[in-house]
Every structure is written in structure tokens, then in C-alpha cells.
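Naming follows writing order (A, B, C and D), and every chain is counted from residue 1.
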């Protein structure tokens, strides 16, 4: 480990929730007081075979029909009247596709995940024994949008652009926002909107660089999200593979949310809001698809 | 269609969101004022191969390891340092398993789903063309727990018990709760806790009967959830296949949430709370696994 | 239906095996006498995520690890000694990917599949009620390679080339092969070898045209296979969608085998051989991945 | 390793096919001369959700409809005439379910698979680097049925019965069969027929004990199959976890075929036959579902 700030041990040797520990009842109560309009935002993008940023090595997600009206014999066998029945699906979804929340076990460095748990604890059948997504629970707090693209006066940061700490501060100042401990910080690059609208190239992507990641870790935020596929830029800042994940997720226990749909919050210039996130309790999993819910 | 109350056409002929239309910004703002403790609850149960109420015909959900530390060659090929890499999963999940939210397209009667859209609109490749779960968006409002088991003085209602409207009113009165338009109503039978604790039989299950379903529809609630597999009892009340779904989902456009974990809310006697739900935007799907987030 | 040859009713109104009925024990015994070298050929290509002709709308096939040596706790729980255990996989495979055999229910025309069974008999949960791949059983007979590419003196027929009946006859004559009733005919275009070697474009592809399909149907062959993705050319001959499938599969009950690996048979100029095919008995399925086994 | 017979190194240090090396062209040619009736047998059981011996931890196999006649818009978009279209499936199949062939990488002992390759070579994303099922190729040879149940005069060996070498010899003598090098030996216990007919308990099962496994290894057979789930009895002989797999698969490189349907061969008293097996070329996989094809 480096001499950088680290949250290992901060909440005890057995802690598996990391910076989510910042989300005290007091902070939640305060966050509930933020909304002014009552407008509710779903911050996810569609889960579908194409048209969204699916990485090829994971396979595209698939929704398959398990039953529909053509299977009415099943309904009849259960006493159903003619014309009555149930439609159901079977889902095949890579956990790190679409809008999703990375568990703290997702990335390891020096063969260790957050809090020093060994990377070997992730095995094929059972998944991760520590810091899996089912350890997260319900999340709520103060959401903050940092609209870097807007602060820079562009619809989208250039492909591959490395967001600096100064860029973040510039946007915060432009917005009149001050970061607080336990904030759920969502960073807008404009990239995902461009991808969805224009089916542009999946790579490269803009994102926060190593310095900006350290800046957020120093602010003791609880979560970092962004409207791109890896929070970080791709190619990675300074060519350090998963360097931003290592600073935030591994060293500081800060969960990440990727492929966020920030279009409407940005259009409404809604920079502070109440935010809740309900990750699925998939036992042993390294991530969960999510639809974070914001209230402006 | 019967002479019972119906919401078809109430929000226009093209409406696909049903009773979620009750969730106006004003109601959301009011709901934000409810919490007193700031305690955050995740209301879902684990998604895993066994130990949870998986129905056999759907197949059990599976989390499979896509990559772990043994695939470090992939990380190295991308410039990763030794000991650095990413753990990822592949998920196979029936949409109606675990804690999930039924889309309005889930059930049809007289070959029609909510608002009169034809059942034929659900086809294998594309899924539902109307009222699929991706039409829902972020949801927030006033959550109300109706703890029928507690009002009856039992840990769990008897297997197969049909909850009546009087039972609901009894519990509401005991709690001192008054239902309001747009409430997100969660009904506790105690069944799921018993199943999880004792691995008891999956069937039969207690649940709300047809009369109780009509009672809730008349109250203009926005959502009905329960700690069982079908909201309704199994076997169905009066042996009417999916009769409760037909009243709530089909006729009144009230989304349902099943297999809810209400244990902790009940233990805390938390009967009114802020509730948010972020259904995944699975294009064309008939349901989504969810972790509703409550704040007491 | 056209005035073209049709096998509907030829083997009874309830027949679901079509031209496989040609494979009488006598023909099988005769086929066993063909081999001279005893060399055994597996005629399939790999099933894998990339590098093979996977059509995007089906999703790429995935082999996922269910258990490996890291799950030794499972082995230990079953009494396994240290260092002892089992590796297992979970497979996700589109039935019409890789080398596969089309069931007679795969394609319909005038809303009917082979022998006049209604297309409506294929429903989501149960699959096809008639002519599904599990009705096929073990297959063996005289295999014949028609190497059109070799007869034309090219490594690969041009992309999109429409093979004519004259082309087939030319190749047969060049080889000195005479088609017989019940033959399992494999047509080589050279396309698949080029795709695998050069990762060239998936489309267009050469294949047999409508006239050549009718030529083979008239010869009463039992099966037609090819080293391309659809037997037919893509784009389709005369722009008739699935026209070749309609003639062979629908009208004449001739099963098709696609994406065959014919490289080694062609290199050995092995034009007549014993051939066996063991389609998986997937209940209700429209196809099965296969590795046909030839003996020269 | 024990002092028992081992084939490690017998076909070179880099060999990944084991006893399949016995299947020389001469032996194949001889095997083709065996059939007398020309009757063709498919030796597999259905792949389906229930009614077959699916082990719960693997999940049941699923055939899901990818497209059917309700998706005709897809056909139309490709130029299809009304009433014309294609039915397709998506398959989810555990590799060790139904009738399947174990790859030599399936089981390890002393952390090594066949020929001494390390068990660590099986990683989540890529699967097995050595001895995976795609290394097998087309298989053909002399098939021999050893009908132990018939020799014992029972429809099914008792649940959990441990077949001895003497039992095998008894059955061979009763049949008048003499084992030869390179035989593809199929052992009938009667268990699977009973399971399919009566939906009896999955466990315990009869199977060949350690002594019988060593007997077959000493005979230099090329493959061992059986009409049960593990070739061996369950519980394992002498409580040695996977002991029979270790002798046959690991130490002697003999591929195994499980859940074989031997009913019809037995009914016909067909003890010697031509047998071919086409394992799917699933890259890196530890097994493949198969339908072996026998000709009597």
C-alpha cells in the first residue's frame, strides 16, 4: 500500500461496508430535508441486448420469455379461466453491465480487497466471502451532482479526458456546492448521453483521474458514481490499470456506481438532492444492477 | 370486466404506469417529512440458489463467476500490475424470484393487461410492448406497514390463511394508521420469516383475499407489497387463479412487490416511513428484482 | 404450398422425422461398408465467445465455471481428501449457434412447419410440440461431401455466391460421386474456413440457391449440411427469406446442419464416408449443437 | 499416486486424449464390421427441467424460447413473407447434466488431472487449459454393453450397490463377450430406467466399485459409460470421494459417459455394437452433453 489515505481498519478489522459507515441516521435525516420540488428521478439506463454500453467479454444481457399468453395451458392447469395467465421472464445479466454498483470485493490490489481481505476469498461456486454486494443493505443520503461537462461548457468531455481535482473544484464552485462527509457524489462527463444518442464508440471514455479520485477520498464521500463505464477514464490515467478503483474501492472502501443516467438531473441543474440506492442482495456477488432514486 | 372499481382510462388511454400516477411531487415531499429515526432499511431477501422461496418451474437463480484472481492474465493483458485485477459475475435470475416488483404487464385477464392493452403484446424476443418494468421509473412515497400477524398476535398467519378487509382495518386501527391516497402499502403475514428461519414448506401461504384486495384498490393506494410469494394466498382465495393480481394489477394498475423482508420494520413497530423503489430498467420485462429502501 | 415436391404425408400424418425415414437398417448397414482408412473426423467448430460465427441477436455462447479447485470445501464436505475435487461448467448456448442441427420445427411457412403442423405449436415455456429436436434419435448413414469450392478451383466461393444445381452436378461428376436416396449430403463452400482463418466478415455468405435445394430434395437425401451459417446464401437467393429452408426443412422434412467443419474431409478428398450424428434430446428445442462423426 | 496402473506419460508428456489413443484406424475399421441388424440407437435421455436426474447444486437445465411465430416482425424486417419465420431457443445447460461425457480435466487428485497437469489450470474465464472436452474430437469404436442387472436377474441393482470385478466378469461370461483393448464399455445397472419410470429417489445409486474400475483400466478400455450419474456408486465405494473417477479419469485417462440410456440395447440383448460419440467442442469445458449413437 502507498502512503495515500486509506480507510483500512477505520471501522474495525471485520468491516465490510467501508465508507457507507458515514451514512449515519443523522446524515440521512438531514438529506431528507434537501428536496424542494419533489421530482423523482430514476438514474439508470436500459438493460438490453444492444444500444447500451455492453462490454463484449461479458456477453450482452438477455431478457428471455419464460411464459406468456401462449402458455395458457399452465394457467388452466392451475385453475385459470380462459384468457387469464401470467407473463414471466428469465434474465441473464452480467453483474457489471448497465447501471450497476460495484461491491467492495470487485477489485483487488496487492492481492487484497478493501480492509485487507485476501483476493483468494472469491471462489467460483460461492463468490466472494467478504465485501460482496449482499453486505451493503439499503443506502440513503445526500446526493451531489458534479457536472464537470457543464462547468467546462461542453455537452461531453473529450473522449479519454482525465478529470482533475481542479476540474471537480471548478464545477463545485460554479454550482455553489460544498462537499460534505458522507456525500453520494455523482460526476457527469456527458459521455453516456452521447453514446446513447449517437451510438458512438464505446472507447475511449472520459473519467476522473487518480488525483481527482484521491481528492474525493480525502473528502470522505460515501459513494462515487459517474455516467461512464468505469468512473475512471479509459485508457486509464497514467496507464495504471484500475488505478481509480484501487484508490476509491480498495483503499478507501468507497462503493462505485457506473453507467449512471444523469441527463435529467443535469438538465434541471439539480446539484443537491436526496438519493437512495437499493442494491440487490445477490449472495457473494461482486456488483448489482441498480436504479438509484433521486429526489430534487 | 366486472362492475368492480377499475382504473382503466383514468390516466388516459395510453397510460402505462397506473396507480404510480398518484405519486405527485407534493406527496413525495410530504413523505420525506415522515422519518423520525433516520434508520435505513433494505427490504429484500437474498438472491441465491437455495434457502429462499424459489419456485421450481422458474429454475433457481444462479450467480456464476465470470472472472476472479485466477484470471489475472486478463488484467496483465490490460497493463495490470501483479496482484491487481477484477472479480466479476454472470447472473441468471428469473424476474419473478426473490424480492421483486411485478410490472403491470405481468398478468392478463380476458386476454388484456392493465388499461386494456392486449395480452398478445408480450412476445418472446422483445418481451412486453406495453406496461413493462422499464416504464416505471424511480418511485418514492409514503410507506405504510400493515402488520396483520402482529395485530392477530401471532408470529405467522396460518398457512393458507385468507386475509380479509376487516383484518386489514383491525391492524390499521391497532397501529393507529390511516391509509391515504398514493400509499405504498406493505402487508406482513410473518410467512417469509418463518420460511427463512425454518425452511418450512413453500406452500400453502397466507395472503390477502379478494375482498382485501378490493379494499386496497378502493383506497387508491399506489403499490401493494407483502412478505409472501404472490401477495394473495396460495391456494388462491375462492380458488380464483390470480384473482388478487387481477383486481390490483390488471384492473387498477397497482404494481405489486413480493417476497418483501418486513422483519426489521415490524420489530421496530415502524408503521409509517419514507419508501423508495428503484426497479431495474429491463427492456420489455414483466418484473424486476428490487431492494426497496425504507427510512423510519 | 407450391407445386414443388413435398414430403408432407409421405410417412403418415403424424410423422415428425421427415426424410430421416430414409435411413433404413439396410442403408445403415451399407453405409458401414464405405470406410477404407478408418480415419475418424469430428465435423464441428468450437463453441466459444468469439472467433466463430456467432450472430449478435442470439448472444454469444458462454462457458462459465461452476466449480473448480478453489471450491474444494465442497469436495471436503463430501468426504474428499485434500487435493481432490471436481471441475464443472455452466453453459449458455443459443441452439442455432456453432455447428448445429436444425429441427423440423425450426422454420415455418404459411404458418405451418413440416407435415402441416401449425406454427402456433411452439410456445415459450414448452417449446415446440411437434418436430422438436428430441424426436430425432440417433442418426447414421452414408455421408457424401460435395466440394463445390474444389470443383470450382477456389479456396472459397465468392461471398454471397448462389450455388446452382449445375454447380452441384459439376462437383459430383468431378468427384465421381452419385447421389443415392437417404444420403447425408454435406456441401462445402470454403466460407467457414476463410472466416475462421481470417476473421473475415460474417456476411455475406455463399450457399445453395433455391434450384439447388430443390435438386437435393428431388434426390431424396436425408440431411443437408454445409460449412456456412444457413445452408442457403445470405442474402437469400431471389431475396426469398429462408427460401432454402422452406424447400428442404418445411416442404421435404430434410434436417439441416450448419457451420460444419469440412476442412479435413476436403483435404483428404474424402467424398463418401460413414456419418453419424447424435443430436441432443433437448425437449421441445428447435435445434441442437452437434459434432457429427465421419469415418473415411 | 498409488502403485496402481497409470497411463500418465504413456502417450507422451503433452498428451491430452488419454485412452482415446487406443482408437486406431484399424480398430475403427474392425468396429464397423460388428453391426448385424443396422438398427440405430440414440443413447441419451432428455435434457429438460424436471423428470430427469438433475443435481440441485447445478441448477436444472432450461430451454428458453428466443424467437417464435410471435416475433414475425423480425422475419418481416428481413424480407419474410407473412406466415414465414424461424423458431429458435436459448439453452442453459450444466455441462455435467443429462447424458454427458466427462473431459479428462473434470476431476483432479493430488491437485493434478490426467497426465500430471496441474489443477490450477482451470480458471473461471477460460476454463481448463488442458484436457478440456474440445480436445477430444470425433470418437468411434467397438461398443460393449455389460448388462450387470440382467446377469444378476434383476431389473435394477439395489440402490447403493457396489459392482465388483467379479460382477463384471459374470455378466461378460453370461453374454459371451470378451473385452478388447480400446473398447467403449457401457455398464448397465438398471438404475436410470427405474428413475425415469418411477421418479424414484436420486440417491443412493448403484455403480462400479474401485475394484471394478481397476479391472476396466487393466483391460485398457477407451471409455467407460453407465446408466447412472457418476459411473461409481453413490455413496462412493469405501467412502472414497470420486474414487472411481480418480482410477479411470485421472490415473488412466479414460473418459466417462454418465446417465446413458441403455434400455433399448439391453432389451435387444445387443452386447457388441459399433459406437460413435460426438462431444461438442466447447472451448475449455469440463464435459459435454452427448447423444452417443450405437448401431447393432
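Heads up, the rule we're going with is that contacts are C-beta pairs under 8 Å (C-beta built on N, C-alpha and C of every residue); 3 or more make two chains touch, one makes a residue touch a chain.
Treat the numbers as computed from the prediction; the structure is a model and nothing was measured.
Comparing chain pairs A-C and C-D by the number of C-beta pairs in contact, the larger count belongs to C-D.
The rotation that brings the Cα trace of chain B onto that of chain C spans 180°, given to the nearest 5.
Taking the mean of the C-alpha atoms as each chain's centre, chain A and chain C sit 44 Å apart. Distance from the chain C centre to the chain D centre is 23 Å, each centre being the mean of its Cα atoms. Residue positions 57, 59, 62, 64-66, 68, 70, 74, 90, 92, 120, 123-125 of chain B are each in touch with at least two other chains. Partner chain C is touched in their complex by these residues of chain B: 57, 62, 64-66, 68, 70, 90, 92, 124.
On the chain B side of its complex with chain A, the touching residues are 23-29, 32-33, 35, 37-48, 58-59, 61, 63-66, 68-69, 74-75, 78-81, 83-96, 98-99, 105-111, 119-120, 122-125, 127-128, 134, 136-140, 236, 239-242, 245-246, 274, 276-287, 289-295. The touching residues of chain A, counted against chain C in their complex, run 49-50, 56-57, 59-60, 62, 65-68, 70-71, 73-74, 92, 120, 123-126.
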